[in-house]
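Please see the structure below; I have some questions.
Per-chain residue numbering starts at 1, and chain names A, B, C and D are given in the order in which the chains are listed.
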Amino acid sequence: MNKQGLKIAVIGGGSSYTPEIVEGFINKYNEMPVRELWLVDIEEGKHKLEIVGELAKRMVEKAGLSIKVMLTLDRREAIAGADFVTTQMRVGLLAARRRDEHIPISHGVIGQETTGPGGMMKALRTVPVILDICRDIEELAPEAWLLNFTNPAGIVTEAVQKHTKVKTVGLCNSPINFQKFLAKEYGVAEREVLPEFVGINHLHWVTAAYVNGEDKLQEMIQGGKDYSATNVAAFDWDYDFLSSLGALPTYYLRYFYMTDVMFAEMKESMEKNDTRADVVSRVEAELFELYKDVNLTEKPKQLEKRGGAYYSEAAVNLMHSLYTDRRDIQTLNVRNNGIIPFLPEDASIEVNCVVTAQGPIALPLQRVPEQITGLLHAVKTYESLTIEAAITGDRGIALQAMVHHPLVPSIAVAKQLLDEMLLANKAYLPNFFAE
Amino acid sequence: MNKQGLKIAVIGGGSSYTPEIVEGFINKYNEMPVRELWLVDIEEGKHKLEIVGELAKRMVEKAGLSIKVMLTLDRREAIAGADFVTTQMRVGLLAARRRDEHIPISHGVIGQETTGPGGMMKALRTVPVILDICRDIEELAPEAWLLNFTNPAGIVTEAVQKHTKVKTVGLCNSPINFQKFLAKEYGVAEREVLPEFVGINHLHWVTAAYVNGEDKLQEMIQGGKDYSATNVAAFDWDYDFLSSLGALPTYYLRYFYMTDVMFAEMKESMEKNDTRADVVSRVEAELFELYKDVNLTEKPKQLEKRGGAYYSEAAVNLMHSLYTDRRDIQTLNVRNNGIIPFLPEDASIEVNCVVTAQGPIALPLQRVPEQITGLLHAVKTYESLTIEAAITGDRGIALQAMVHHPLVPSIAVAKQLLDEMLLANKAYLPNFFAE
Amino acid sequence: MNKQGLKIAVIGGGSSYTPEIVEGFINKYNEMPVRELWLVDIEEGKHKLEIVGELAKRMVEKAGLSIKVMLTLDRREAIAGADFVTTQMRVGLLAARRRDEHIPISHGVIGQETTGPGGMMKALRTVPVILDICRDIEELAPEAWLLNFTNPAGIVTEAVQKHTKVKTVGLCNSPINFQKFLAKEYGVAEREVLPEFVGINHLHWVTAAYVNGEDKLQEMIQGGKDYSATNVAAFDWDYDFLSSLGALPTYYLRYFYMTDVMFAEMKESMEKNDTRADVVSRVEAELFELYKDVNLTEKPKQLEKRGGAYYSEAAVNLMHSLYTDRRDIQTLNVRNNGIIPFLPEDASIEVNCVVTAQGPIALPLQRVPEQITGLLHAVKTYESLTIEAAITGDRGIALQAMVHHPLVPSIAVAKQLLDEMLLANKAYLPNFFAE
Amino acid sequence: MNKQGLKIAVIGGGSSYTPEIVEGFINKYNEMPVRELWLVDIEEGKHKLEIVGELAKRMVEKAGLSIKVMLTLDRREAIAGADFVTTQMRVGLLAARRRDEHIPISHGVIGQETTGPGGMMKALRTVPVILDICRDIEELAPEAWLLNFTNPAGIVTEAVQKHTKVKTVGLCNSPINFQKFLAKEYGVAEREVLPEFVGINHLHWVTAAYVNGEDKLQEMIQGGKDYSATNVAAFDWDYDFLSSLGALPTYYLRYFYMTDVMFAEMKESMEKNDTRADVVSRVEAELFELYKDVNLTEKPKQLEKRGGAYYSEAAVNLMHSLYTDRRDIQTLNVRNNGIIPFLPEDASIEVNCVVTAQGPIALPLQRVPEQITGLLHAVKTYESLTIEAAITGDRGIALQAMVHHPLVPSIAVAKQLLDEMLLANKAYLPNFFAE
């Protein structure tokens, strides 16, 4: 890596998240000096890129650092010679997300952008674009690390690992959030906690929660009832279920374990034009209004409402460990390599890793509860089939992926959804609609 | 084994199926002479045992063979020194089956006696009884083979393999039916076909269909549309789905792949008091009327309506191969031992085996299609958890089993079903309702 | 396959073994009619080809069968459209074998043509020739089965499986000999015995010996002392060793387990010009004298002295089962596919298989004794490295193969042997001596 | 662990190594305060215990620390409530080591105390004693960590893991020495290097040597010739061999790769009464003379001649990481758990681990070179069989272990060695010589 300071390329630099990562670079500057920060976007995103880019420049200036912030629509210029490339983009923009949510719900199925039929469409749109970016990296920055935040992060990361030579890691803020929660709950430093995660992106279970070397998981589950008053969002799980599960499921597992409740909520939201796409749309509009303010020189508090808290902390932590060979433990999306023995060797999984200068090394798991295996296997298989469908444009494989997804109730529904959703995404699916 | 002629014990000998197996022993007598055939039943089944037992005696007499048919309520007497023990029983009788079907349907869930909440209840009732029988076998006939037909056959077989020393094989008529279908379709002898089955009991896929050494699977799938007119029952699958699946799913997979259609059918049947339990109830009543006829000296044609065609042929074939070290290929429920690599070593699976005098040796599989892995894993995990629940009487484990089953839509529904169904089966679940 | 009668191509048809296989085809003619038998050899072997070929014709004529025996030096003509191709050849002839034996012995190491430094040289000479033959088969008879007898049969078979698309099976007469021995010992038909073999070609252990379904292995081991008088050649093993091993090692394992005794014998033989190469040389000369006799119309008794008893029976059995989809159990060299879990998936192993029309399916093993694992692993690794060396001509890999072989005592000795033996084989090793 | 300061029990506390570990505790006192240091020995070692124990007290006093040094012959008193137990003992004292070396050499076999017939005898003597100690730990200090230095460390550690509930780690100074060598060679801090070790105790290969994130292994091998002048002891390997091996073998692999040279050296040493046992005997006598000096208050320089440099640093580092949940990478002997896929799950292996408060987590390996597999597997199998023999006292298993060891040339030699050596060790092998 560049010892004189790093070159960073942020693909989708016009995102409302950008101030987060800029703040991260500023905070870690002493240990990991960034020389050039390239924010890249596409023509349609130019306006937002300029707004958020100018804010980034003001933030750097206020911090008194010599980070050069570059705004560009030329991706290759940004990637050339980069040490790190990150992606945070949405192919099809929020309009596509809206369809990912609305169409399934109108067929009685969970509609959500990271899993289910919606997540599948997002994957089909995104994978070809990411692989294009990877071709550029292979050519222009073959030693660069690609840090992928783009959802569905597990699928995207696995696609890159299977189909390119690019060194990549997938990242989610969910593990770091749990870690912070755990530390806070027990009143210790983050460094003193060590949860064990088993699973894949957005489908993991916490199977141990060490605090200063002692496992507090049972205590947390037992205390579940008491928590419920104050932590309703985090722990609204049936106590008997949690207790016999012997693990804490991630929030996203509610789609699978509480499908009826979640669907009802989503349906209601849809009827009120208040799905996540709608909400994010409004939040983003507000954020960009704030960003335009030339007096704003730091990340505004309101960004936290956007979701994605601590994303940038996770990303900057990872870069820092890769840069300094820090060998600390982080929870990342990496190649399975037998860590979860029943999943394919080349599947991406989300587990604890030691991060060395050569990359993350996934740590063997102490325990994979039997009662999570089938669900985990089914969703991972859906993911792998989706990657294959994205690359080949084969409708048969797409149908198998859809049918195999646990949230899709039958072949008949899968076919309807697939036909309607592929058509709705036609503009972004050249592989499926080749001449 | 007894070279002077075999001793066979049929547990549940009062079943309406008994004439089938008696016919099988008569037909194979030359290659495999049976000396004593013990039909065992419980007090409640005494009347039926006598009716069907007398028919059995008449059948043997007409055939002019020296098989002694013994009727008894003393299971231990029947088992002592037996070469083969078979089980064909229904703990809780048809009334329990009726509840297995009705309760789930009334909660919007498939209600069926071999899988789903209904199958689970049948398993919870049956496993303790089978293990009791195995204690007798261990003591009184340790060298005997236990051939298990009792559903859910995969669960019952796995329970015996995990928790006893009894040599056991699970049997289903579904594979032999497909084999006969295939032979007929191509106009060849049964000996000339060799389908490959991948999966577990009532959840398998045919992944190859060799006819004289040539794989006809693609042809069968391609021809699917044409078949559909004449073979609607066997092949009513969506063509696009089958074609991209690259395998033929067993009939029982309709519960999973066509859940909506199947549920609608079941609901309608329930409303008309015409579920399987209702139908079988009527058929059995008719059959026993026939059996009573002292002039009847052979298996009546009407038995075929009962379902279970070729069960006895499958069973007698297996005994024959074990007895003569025949080393032919049969499709059986046996210990996994790594044949399906992502399932536990000690899971029971349903695959092709070579049957030697030492027992069946499962054959490695040529191919496990990726798109079946998650579903297969989930159902097998539900099965293993169900066995654990049956043995421990642990409601938490039962809840995990229920939640993990792909036909159960949420924790909330699982809890309702579990509470209601355990209570409804209280008389047969001492482990769950111990003082 | 050709329903009008098979076309067989025998590469190395001028071998003294040929009358064996001709006798086999004659005996099995009714079940497996051969239409054309092509005997192929190279220019140097033309004279022998003519002698043995004429004998073959006389044998067929005497049997009154319509098998056309064709003699040719044009390998491609023989292979085109063949149903089976067999190989029985010796690259470098007996002179090379003599060097394979003498050079190692003169350095204090076992010198033998199927393993150790000698076997390695034979492999390096043979693999490129076999792969050439396979190119012809791929082009001219892509559906043909290649039955390989050429030693080292395990290495040659693995090389074909790894580097070509040819369907191949490796064959040795050692398993069939044990089976015949076992049947004879217990006075039963061969059909009634079933030994289990664990290992690779020329390095296997018999771990069970079923006779009519009962395992007689312990009895054979216990009786070992008594056997020793009459069966000294077959069972001259230390009783304590055999008893704690719990298995019967193949004859070839004497090189590893009794290295000192075997080396002393070999050294003595070498000093008397009486190694196997010398002996075979004399036997072959005698055989060809016999073959020349125009009155000879059958396989002469003296051929049995040549070694390789029942080779042809093994080969014809295998063809018969492939041709008729017989599904019997034979012991063959096939791809591992996880049967021996610690060896690579693509290693060739020698185990029991069910032979169907699609080829042999290796049967899972009941038991792999712990005390054979390291030796088995080491020799297989030597074999795989040898294949890589043969294909690349890389001296470094050849050195690793040699050092890894358990009969080679040190790096220093390995280097000496390698230098001297590669040079001695220069004419047959173009990959190692490219311009 | 005791937050008020640790209790340490050193079994074999009268060893000449003790000043090493005392120095370690003194140096790390700030991060890891030791409250009580118990030095335990047996009656025969009482005199040495007193000498070295008094030195330990003087060292602590000079350092001005409040570590209580306790000398005792009562092992249970020392173990009760300990946080760490370490073992450094020699059952049979140096006289037994002398026999371990001399008897094999007199039969033409490498005689060495950690592997081969000598290592096997040491294991047979030591395993029962260690398991006795573990019974005490299970009873009196169930939460304690047992750090095992006693050779053969791999065997001893595996025995404890297989047959007790004690939390244990095996330790060797060989990895830490390589790490220091690497750091020195490249002029960087030890923290900046990260070699990857593959193998088991005293039989490992370095397969990567990262220095600030860059792998220098090829460079080290290429430079091998130049090293040879100055580092002859460490790198006296054949260059062609090393280059095609693609890894650096540990010193102990010379016994296997250079058997002829090593045997010749050993034979010469034996004839001069100058084997390791002889040398250590003389060094120890000198050391205890020094230790007696009441003015000596620190570890004397001469201890370095004894061998075992940095043992105490390795041990104290490990305790420190376990105590503080440091999560650094150390090379330790731990349970395999699939890290080396062809070795048993429960084998002990020597690989890089992350050390957390819950213990070491072995890191997955980047690469296991094919050319080391057979040798590694053979020696590990010998080790596992040796443990079984030690526990059962079964001569048959001992014979299998001996025959399977790559340094033992034949069954005949194995039997001779076994008979003679078991007899020579009779006093220490009650399992083999029970009444």
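Methods note: contacts are C-beta pairs under 8 Å (C-beta built on N, C-alpha and C of every residue); 3 or more make two chains touch, one makes a residue touch a chain.
Being a predicted model, the structure only gives us computed values, none of them experimental.
> Fewest touch steps from chain A to chain C?
Contact-graph shortest path, chain A to chain C, evaluates to 2.
> Indicate the whole-number Å distance between the mean C-alpha point of chain B and the mean C-alpha point of chain D.
Each chain's C-alpha centroid was found; their separation is 57 Å.
> Where the CA atoms of chain A average out and where those of chain B average out, how many Å apart are those spots?
Measuring from centre to centre gives 45 Å for this pair.
> Going through chain D residue by residue, note those that touch at least 2 other chains and give them in order.
Answer for chain D, listing residues that touch two or more other chains: 341.
> Considering only which chains touch which, label the overall pattern as line, ring, star, complete or other.
Basically the chains close up into a ring.
> Touching pairs of chains, all of them, please.
A-B, A-D, B-C, C-D
> Would you pull the chain A residues touching chain B in the complex into a rising list?
Going through chain A, the ones touching chain B are 237-238, 240-241, 243-245, 257-261, 341-343, 370-371, 373-375, 377-382, 384-385, 394-397, 399-401, 403-404, 406, 409-413, 415.
> Using the touch definition up top, name the residues of chain B that touch chain C in the complex.
The contact residues of chain B facing chain C are 192, 194, 210, 212-213, 215, 325, 327-329, 337-339, 341, 354, 356-358, 361-364.
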